[in-house]
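Pasting a structure here, questions to come.
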């Protein structure tokens, strides 16, 4: 089952990149970024997953060599990563709005005053 | 600190800078080379030609002329640029050994050949900035061409220097020698580099580089007097112009003596033995051998000037700037590259 | 319990001071004086804290390991969050602190006419804190977080003047490709974590070389590409050009002097610490190849530019190419030269961007085809600019030459040592690139500071003292680091290079083990260059010539004294016509060069299409190539 | 002594600047022929300069048309002191066959002080050289008069 997760993570990352590269709409580019981010988040969670493990909530007295739990660090990382992803999305959407105001278009092929 | 010995050393170095091989030597020999060049070109064109001392007359005349600073010019840069360029050239001349004689014999070496490569840019940059500071459109075109000439010459010059460094390094078995006095010492012991197969293309390339670097005909697109009114110098008059003309002459000396140091370094070093063989010793012998070496150097510089500058001048027409660039990056670079590859594989 | 004032705390204080300043400015930033004082205080504090660490870390070779909340290394695993400051970290931290300090001093006058200045300072300090956190962090995930913070702040600051031409566009492109890079870093981090279950840098460095498999190779490629986006190496260079062109000059200083350095820092840590690939041929090849391509492509791109800041931006990447090439040589001399050049790059590029900012501040444009002749109106800026230009073009005796010279030596020595003709090619590219750099700065001098003054800029004034002061600081550093190469090598770049050569000490320090400093003597360069002596000689020669000239009445010139109607005598020679405004446009200079390279230039122009999809595609291709290359050769 | 040296040099290194003020090109060709191997004025130090800033002697050919008048005067003024003005051919002296034309502003001596006139249509190269040498003498005198 866990293999499915890895495949899905890989698929999501590639899908995100594909969207960024081929779609000529600014909003779709932002969506691509988000999809890529979700893919990585899925990857992180999957890496920390132990089949059959419990939630990693222990006090020191409960903790013994036989306690079996999923790795807590990737979960913490995922939370951070999700927050950062949300920030990036918010920021890029703000930029997209401003760009639409200035350029009057959402087409990336026309947002190219800086080139050469 | 201010002991007698210190004072003596200070005076000695001041003498080096001001008299030999510094300012005075550059002034006299440089202008002389320039005069010989003009005379030789005239003779090759079946003209009588100006007197050999003509560049001296030109220089002193320009000193006596009025200096006009155009209203659009930046006065400080306009006046300072020629002086900086000349001073930088004179200092480069201090680093080029005259066979056995070198200024910094007892001190760690100040500059190696890579540094000299970049020091040679300073006069070029100062003439460009001085010209640009006048605001003349001709200077703008001249600047563009001068810079392209520098770009064109730089690549083959780099290759020549690297191949010389590699050849000497190979022969000494320690990889590479960048030190100019090291290169000359090596030649003193093992014969001039021009005698090696791998160095012949490099020497040829260097011969072609000299007129390009000095901006002599046919590589003088930057100062074409008939099309762009002398380019960078269009607004210069009087003493600053004279100093530019002097710098140009000194550059001829610098480059030809650099050639001598790089490829013909073994020629003049036997002089001491010769002097000793006559039976002279002591300070007088040292002075005599130094004078002889300087004479040999000047002679070689004159020959080189005749070959690279005068002869090329007399038989060719001025190249357009894009032709010049192409020429240097194909023909001359090719020659230097052959040399580098030969040196790389140990020939 | 450690004393709160003990030096072990200094690194975290240095970071905190900046973030605290950012926070306080949000609260109290309405008042102009308060926000300037706060910003200056925090950057000065940060700089002072870092400088006070120099004797310990640089000279004594101490490595400061600091565990947040005192959760030290225990039971074979580093669980806590660590800051680990060795000579390499401190070297980059110092660069950053200095650049941030000068940029902050400059901002006070430079930004005074903008709106939303409190937000500017907040983002500015966040950016600074982010980069400082990145280089001082001893933890791979925290490096990622800091990368995100700095990318975020940099994007926001790029778009800060959102009415400026292309600012939003540049910010968006930067955000997209930068996010791809950040995601790469995150994915690489987590893949390494999956292999060895730790995020602590020292521990990773100890474990990864034993766990080299397909997965870690992919992680290597991901991290390499991620840090490359931060350093804007080819193929990410168009982003740098766009971002620099649009951002305020003080931010360009940070983007070029600080952000790119964080990328280089990441690459050094990745290559020489995490994977300990010192002396591995394929990795050297990769670094030197990317470095040389960046060096050459960006310098030619810069030659074709018409905009002052955009031109500087391309040069910035070109110089970063030098740094990466030198570092990639994997020799002590190469790494030390590369780090030295990284430092010099921060200084002279900072100076140049500030000069560009000064021009923009006074004239309102950076278009090379519209400017000209400003040297008469802004003499101080001109002199400062010329110092910067001479430095970056490698004109002796300024600092750019000192470090580039070491790089040439290192590359050629490497070529001779290995007998590899590729390194020879690199040496030649490096030497030629330097001349091309000179060409484009001659172009800038001609088009902006010299040449003819256009009518519309007749009344331009010199910039305020605060800005000139900031530029002078950089200019003084340019001269000093150029004249004292031995001191710089001994004090700064040498120890940092030693740290790179001895990753074992870094690993041991995290476990609390002090290893003795092995001061392997840095190899001497093959040639000779003593700038002080040269300057002395030049000084005497110049003095003598000037004296002679003055005795010969060199200074008696005819000048246009009246200043009213221009007499023909002082007019420019215009083939007899009354001179009109005429300037050879920046783009038309060097025609002879461009004509011969016209196919290359038109190809490059078409390639840099400005469409964000293309740039993203380049990133994907670079990633794919890096993964493929590392899978095959490592 | 230095002054003497400069004075001597001034006489030995006169650089020419050539202005065509509506000439028929006859004189222009003859001026160039002065510098060819046959006559070789360079043996006396003569050299054609590209810009008036470098020049000592201004050689004006042509009848000074209305169109060219201002340009000629402007250029002459841009030559640094000491300078000499030489007219070559009859046109700038009298107007020659163009005399009386509405398009002619000449003769040149109406506007500036002319030092040497070399008459002829066109003057022979020998005559031109002779005139230039005379101008050189005047140049030397002017230099002596300068402080």
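Going by the order they are written in, the chains are A, B, C and D; count residues from 1 in each one.
Following the convention adopted for this analysis, a contact is a pair of C-beta atoms (placed from the backbone, for glycine too) under 8 Å apart; a residue touches a chain by one contact, two chains touch by 3 or more.
Because the structure is predicted, anything quoted here is derived from the model rather than measured.
> Could you split the other chains into touching-connected groups, assuming subunit C is not there?
A | B, D
> Spelling it out: a chain qualifies if it touches subunit A and also touches subunit B; which chains qualify?
Neighbours common to subunit A and subunit B are C.
> Where is the C-beta contact count highest, in terms of which two chains?
B-C
> Taking each chain's centre as the mean of its Cα atoms, which chain lies farthest from subunit B?
Centroid comparison gives A as the farthest chain from subunit B.
> What is the distance in Å between the mean C-alpha positions of subunit A and subunit C?
Centre separation, subunit A to subunit C: 30 Å.
> Take the average of all CA coordinates in subunit B, do the same for subunit C, and state the distance between these two points in whole angstrom.
36
> As a quick test, compute the distance in whole Å between the mean CA positions of subunit C and subunit D.
58
> Going through subunit D residue by residue, note those that touch at least 2 other chains and give them in order.
51, 53, 78, 80 - these are the residues of subunit D that touch more than one other chain.
> If you look at subunit B, which of its residues touch at least two other chains?
Those would be 63, 66-68, 138, 229, 234-235, 238.
> Show the residues in subunit C shared as contacts by 2 or more other chains, in ascending order.
Answer for subunit C, listing residues that touch two or more other chains: 552, 558, 569, 571, 573, 575.
> Give every touching pair of chains, nothing left out.
A-C, B-C, B-D, C-D
> Can you check the complex and tell me which residues of subunit C touch subunit D?
Spelled out, the residues of subunit C in touch with subunit D are 552, 558, 567-569, 571, 573, 575-578.
> With touch defined as at the start, can you tell me which subunit C residues reach subunit B in the complex?
The contact residues of subunit C facing subunit B are 372-373, 375-376, 379, 382, 386, 390, 393-396, 401, 405, 408-409, 412-413, 416-417, 421, 424, 427-428, 431-432, 434-436, 438-439, 442-443, 445-446, 450-453, 526-530, 533-534, 537-538, 540-542, 544-546, 549, 552, 554-560, 566, 569-575, 579, 582-584, 588-593, 595-596.
> For a test of understanding, state which residues of subunit A touch subunit C in their complex under the given definition.
13, 17, 20-24, 26, 29, 33, 36-37, 40, 43-44, 47, 71, 73-74, 77, 80-81, 84, 87-88, 91-92, 95-96, 98-99, 102-103, 108-109, 111-116
> Give the list of subunit B residues in touch with subunit D in this complex.
It comes out as residues 38, 42, 45-51, 54, 56-61, 63-68, 138, 224-226, 228-230, 233-238, 241.
> Spell out the part of subunit D that touches subunit C in their complex, as residue ranges.
The touching residues are 2, 19, 51-53, 68, 70-75, 77-78, 80.
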